[in-house]
Amino acid sequence: MISQKIEKPLACWKSKETYSGEVLDCLTVIFKSGGCSWNRCTMCGYKNERYHKMPAEELSTRIKQQVSWVLSEFKPDSYQMVKIFTSGSFFDTDEVPPGARDSIGEAFKGKIVIAESRTEYVKEDIISDFLAIVDDNSHKNPLYVAMGLETTNDYIREKCIDKGHTFEDFKNAVSQGRKAGAGIKTYLMMKPPFLTESEALLDMQKSLKECAPYSDMISMNLCTVQNRTDVERLWKQRAYRPPYLWSALKVLIEADVHVMCDPVGGGKRRGPHNCGKCDMEIVDAIREFSLNVDKELLRVYFERGCKCKNEWEFILKEEKPFCMPLTE
Amino acid sequence: MISQKIEKPLACWKSKETYSGEVLDCLTVIFKSGGCSWNRCTMCGYKNERYHKMPAEELSTRIKQQVSWVLSEFKPDSYQMVKIFTSGSFFDTDEVPPGARDSIGEAFKGKIVIAESRTEYVKEDIISDFLAIVDDNSHKNPLYVAMGLETTNDYIREKCIDKGHTFEDFKNAVSQGRKAGAGIKTYLMMKPPFLTESEALLDMQKSLKECAPYSDMISMNLCTVQNRTDVERLWKQRAYRPPYLWSALKVLIEADVHVMCDPVGGGKRRGPHNCGKCDMEIVDAIREFSLNVDKELLRVYFERGCKCKNEWEFILKEEKPFCMPLTE
Amino acid sequence: MFEALKRDGLARTGIYSKDSGESIETPSAIDADSFFPDLKEHEFSNIPLFANKKFVDKNSPEYKELIFIHPESENKGVFGDCLILSNWHTVLENPKYYVKMLLKMKGNHPSDTAWYTPACALPSNVATLINSGFDIFDYRAVDLKSAKGIFCTSDGEFLAEEWFDKGLCRCSGCENKNLFEHNRNALDTEIETVKNFLKDGHLRELLERRCRNSASQVSILRLFDMSYDFIEPRVAIARSTRLYANSGESLKRPEVKRFVERVIERFVPSRTDTAVLIPCSAKKPYSSSQSHMKFQSAIQNRAHEIIITSPLGIVPRELERMYPAGHYDVPVTGYWDGEERAFITDAIARYFEKNRYEKVFVHLDGDSFEIAKAALERSNTDYECTATDKLTSSESLKKLESALKYGRKKGPNLIKGTLSYQFGFDADTSKLQLKGKFMREKVLMGKKQVFSIDTGTGLMRPTFEGWDLIESGYRVYIDNFIPQGDILAPGVLNCDPDIREGDEVFVVGEGAVATGRAAMGAAEMCSSKRGVAVRVRKVKKL
Amino acid sequence: MFEALKRDGLARTGIYSKDSGESIETPSAIDADSFFPDLKEHEFSNIPLFANKKFVDKNSPEYKELIFIHPESENKGVFGDCLILSNWHTVLENPKYYVKMLLKMKGNHPSDTAWYTPACALPSNVATLINSGFDIFDYRAVDLKSAKGIFCTSDGEFLAEEWFDKGLCRCSGCENKNLFEHNRNALDTEIETVKNFLKDGHLRELLERRCRNSASQVSILRLFDMSYDFIEPRVAIARSTRLYANSGESLKRPEVKRFVERVIERFVPSRTDTAVLIPCSAKKPYSSSQSHMKFQSAIQNRAHEIIITSPLGIVPRELERMYPAGHYDVPVTGYWDGEERAFITDAIARYFEKNRYEKVFVHLDGDSFEIAKAALERSNTDYECTATDKLTSSESLKKLESALKYGRKKGPNLIKGTLSYQFGFDADTSKLQLKGKFMREKVLMGKKQVFSIDTGTGLMRPTFEGWDLIESGYRVYIDNFIPQGDILAPGVLNCDPDIREGDEVFVVGEGAVATGRAAMGAAEMCSSKRGVAVRVRKVKKL
């Protein structure tokens, strides 16, 4: 073979996001990187999405090629916000070598950048450096550090997600980020495995309350069954069911802060779902809510109900750790 | 073979009988004869009990040998009454040649003789001749002609028994017998095939009433399933069930005249039976009643009942020609 | 007046109305004394079931609202009559005569008559009675059980002393400790249960449970199945529901046997050079399963794919969506029992005796592998085994792929396969094309649609142009009129005897032709006085 | 505290009492929240069934009144505990793991523990659950169905819209149009039904119906049957009730397989010079039937009579009264299916491979004739057919009689046959004599009675003198005490592993010996802490 393989990110797409009351165009990029140093989370589908072991320099080159590809495919003036993911931590230097990180910063200078990382890599100096590259004074808060706190309950985080850090670790990382001048975006995970529907729901509500003081933005991920994950194995063994969309609705409606939520895979058996009949309209309502921050539509659907809402109410009440999941 | 076969009756036994308020010893003899000229009755088990076709003289000889056997086996002074049966009609000259009949008369001279015949052979002259032989003035009525009327209902007699005579025929025969000076004994048949339990019961009650004026003695036979009969074929096809002993009890209790009854095969599946638990005591009570003419014991058993009396009452009410027999 | 509604084999639901206007939905139990008051008036009228013709002719009762029938009688009801089959309870334990007499009488009498059988029905046997084509029952048998102190349920009869009032039932009779009431309730509810299973298309599955209530009911079911020629024409060509093959008797269902027979007798395979035998999958149609995706990507259309499965024997890829191939569920343990082996071996061998393939590749394991080998040897077919260890292992798939390396690529011809199977006619399909997404295909000739596919059943629905291609069979002949809607049975002059309920048919009359779907089988279509014969889709005046 | 009462395989009835005194008769459904109030207190404690040992060990909850068990856990209950098997509902559709995990756990835990499985029980599957050895259920699964608008019956789950309130049930819930109440009623009444069948000795027959409710239940039953070595020791040696072999699965019942195995492995025939194979009869014991009377008067004890029958394969005349040979009913159509053929051919062939007869006469017809021929050929046995046309025709009987003309007269040795079958010991019976009327025989040695015969089961009951003849096996060892009545399980030191519930046993202790009947199987006798182990008939001080 003599042709050079083109390096592309794992995924890259555009969408709308709300920011400070405005709807922005947002580019999401998932860079292929050296891979997550932890790599154990039960629901993570990116475990295998990584380069094979290679020298930092080569890794850097390849990531830069991805950046070029992004810049050539998406006109820089067509978006104002960028969400950067890797299959692990953007601020992990082993995963994203400093040179690569710098070129990414350069590429998105002037945008509002949200970059995701595990807590242990959120260090003041690294964040400051990156912020300096990104910031061109167009925005008051040009950089947000996004972290997957998942839940504020350390027991759940350890047993159900095996995330490898604590709420305390998260708080420390928040303070590092803030010291560096970055904003904080927190990801929470609705219904990791081994939780009943009501345990998951209550955990989410509690987590929202507890993480709010530390977060500028909160995004709630609804757990989906990704290929080749622990969660998929559990799901195939009938030991896991993704959350009901009813639960997501309830959380969003009752939350005191604005919570973003993109119900990926919503309505599919592998994603958050209800009975199949009412799913799509609820998924659409949640997406709309993330943009317009108006709970009215959520309330309409929640109150209108569906045959399956009865089932969900039953599940909330009767699904217990010793008999779950009760539905599929 | 050089030994001479001994000629014996088909059966011969002694029993007790009530006669004019007295209990007598009675000898019953069933002679093997030329066989019934009709030979079609559905319940008759004697169809094959006959000599093969032979000259009248030889037949006569063989019957006389049977008489000798009886006389040698049963001391003449050990009984006062004799019941004579053949596998057909005692007064049918083809079946029992006159010579043979005469020797039978001689043999039982001085006894009370009851001889059975189909109606068409009951002719004044033959009966007178036989009476003359039997009578030695020991008894007021030394001879009774016994006839199987079975039922006074000609339709039933034809359809269910295929007897080949009518109630009218019977009445004529009665008048012939009476003219000859003989008494009349009438046999009725309880529950020939094709009748429900209640049809059979009502038919018996009606027949008893209607035949009483023509009868000096009445005997009720409870139908049993004899080998190689039409009734047996029906029974094996589940189309026939012998009468309940409850029905027999009811008839006997409610009858205005004394009715003799020997429940042959009582309590067996092939004979008149109830559930198997209460059968034997009722059979014994009926036997005792035939001797002591006292209905008290019958009433006791009838009123005491049994679990199966419920079933019988149901059957009386609900067994219909289009769904019978309902029980086995 | 009786009208049958939903039919399944000999069973049916219906409406029976008396001249008085009183009517019942059948199957149903009645209080016979009040419903047929004349019945009890005929004294001394018993005629046993085994009575001979002479006796029967002489003694048959004549009822006011009922027709007396008997195996030996020429007495016949006509359309709408209610027939009484007396004393049937005397053969309930006699399966041989039960089936023999019943089929004789069912053959002798028009099908749109209501059948009343007195004193037979118990909760434990009424499913069998309904499946035998009886419509009306009474309470005599259960009342007798009550009189005898017997507690009746759909599982059998039990001593009331030990079983009644012990919490097994909570009906009004049980609440009141009234055995008589319970037993009638149990019969009524069981009849409703059977009725609902019948309407739902699952009567057979219910029967395969209920027949275990007694050896004779099992025998009756088996003997009915052996009377395939009588029963099969009465079974619809397809159901909209799944077929649950949960017992040994499932192998003998008329639908199963019909499928096997048609695959052997009617089906024209897309190719007969090379075949590959592969196992079935739980997911239906097979090709939507993960394992079949793997097989297909290894086979790459270089052989005719034939699926080996229980209870259907063999399913060519072309027929995987055809009822019941796309609609059955079966318990899997890996063990194929002796009867399955014998039945499927026979089916495979007969198929390969008829269709002489040059070479067959066997990609099977375990018992199905043994069965296929035995069948191929019996049919003198040259074969090669391509599996090692697990059939979907990459090693096995590679072996399969390389074994077929030099095969000619030719995909399955769904059109030819389905048409030959469905209509028993080997149509010229050379100009036809399958278009559209998976499970939503149409068949076109040029730009004209000739068939659509009923994805529920797998059947082809011909347009008028489609019928031009099917030159014979499946015709329904009507008189000279223009159908203004569905065609009613009295309007049918004659029809092809192969037609079954649910079949696509071509209506032919002097004044018009029409396409449509048969709402009853050929025999009923030709003889019924009532009911829709053909649900018409399109009419064309001539 | 749990005490098992009536056992059958893994199933049992029992009494579970809480420390509070509250007690229930099992099997039974409870309101779990109130019955085990502590259960709901353990948040985040889920452990899936397939979790690995490490996860399980780390996360197992500790309940106040329940013991958490898991396939990977070493957590064990002790006698009387109630065990909770969580999340079992997730393998209900996974027969392979259902049976594999269950047998592993049942092997790991003492049998006299109560098993509670939450959220599993439906009216349509609770028979299978009870048969799997579960005792306590809850209403979660039915309540969920109510919440989903599903109508539950012992026949399955149905859309309430179409099935509820349609006359299929007349329980209080249906009267009140309360689906929730109906569904709970349906579960309760089904549990009571199963319980009554279990007490009645007919659980297996019920299961052979109920399992048809789903393919997985059929598979579970079949997989249990394939686990013969695990199940058989838990099945009593005899029942007082008939065995109804009304489905294909009946062939695989532990009792049936045990009979076949013992006839081949243990049974010592009275003679091995000449055998005659004859068909079975519906009437039991066979020799009381008309056909067997005819055969016997033709055979005149000049050959060893061996009855060929389904599902038992072969029944030597000596064993015709032994359970289940004298106790089974089977549907007859004349057709023997492939599995019957294979199973019985195998049994006959193995028998004749072990017992080398000089000559075998085959007095059979139809399928059984073909089967016998195939088996005799497989076992290289010299045979001759003696039937023409109908087996009981005088011609056939004459042919049979004349074929055996020169045979040595030697009647069946009921004593030797029964003892070898029952005790697996070839006792010296030369001095023994069978006395008494048919079905009321005793076995004497000189004037001493050594055995009586239990005509209900066909088993021999040894006296002390009888036990002298059976030199080994069927011993129960007790400590040094004089039994004052039945022997309780804790009093048993050890016993012969062949002992099954219902077996005659010889109790041996330092201070006394006793005769009696085992009230539990060997494994339970050695491990139970409660219950009668041996019902003692006679005690002799030493």
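A, B, C and D are the chain letters, set down in written order, and residue numbers restart from 1 in every chain.
Everything that follows uses one rule, which is that a contact is a pair of C-beta atoms (placed from the backbone, for glycine too) under 8 Å apart; a residue touches a chain by one contact, two chains touch by 3 or more.
Treat the numbers as computed from the prediction; the structure is a model and nothing was measured.
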Discussion item. Quick check: how many Å separate the C-alpha centres of chain A and chain D?
Written reply: 58
Discussion item. From the mean C-alpha coordinate of chain A to that of chain B, what's the distance rounded to whole Å?
Written reply: 103
Response to the item:
Whole-angstrom distance, CA centroid of chain B to CA centroid of chain D, is 54
Practice prompt. Return the residues of chain D touching two or more other chains; collapse runs of consecutive numbers into ranges.
Written response: none
Practice prompt. Mind pulling the residue numbers of chain B that touch at least two other chains?
Written response: none
Discussion item. Building nodes from the protein chains and edges from chain pairs that touch, which of line, ring, star, complete or other describes the result?
Written reply: line
Worksheet item: What is the complete set of touching chain pairs?
Response: A-D, B-C, C-D
Fill in: chain D residues within the chain A interface of the complex
39-40, 42-51, 59, 61, 84, 86-87, 89-91, 93-94, 118-119, 140, 143-144, 147-149
Response to the item:
The chain B residues in contact with chain C across the complex are 155-156, 159-160, 194-196, 199, 234, 237-240, 307-308, 310-311, 313-315, 318, 320-324, 326-327
Worksheet item: Inside the complex, what are the residues of chain D that reach chain C?
Response: 95, 153, 155, 158, 162-163, 166-172, 175, 185, 188-189, 192-193, 196-197, 200, 205-206, 208-216, 218-219, 222-223, 226, 244-248, 329-333, 335, 337-343
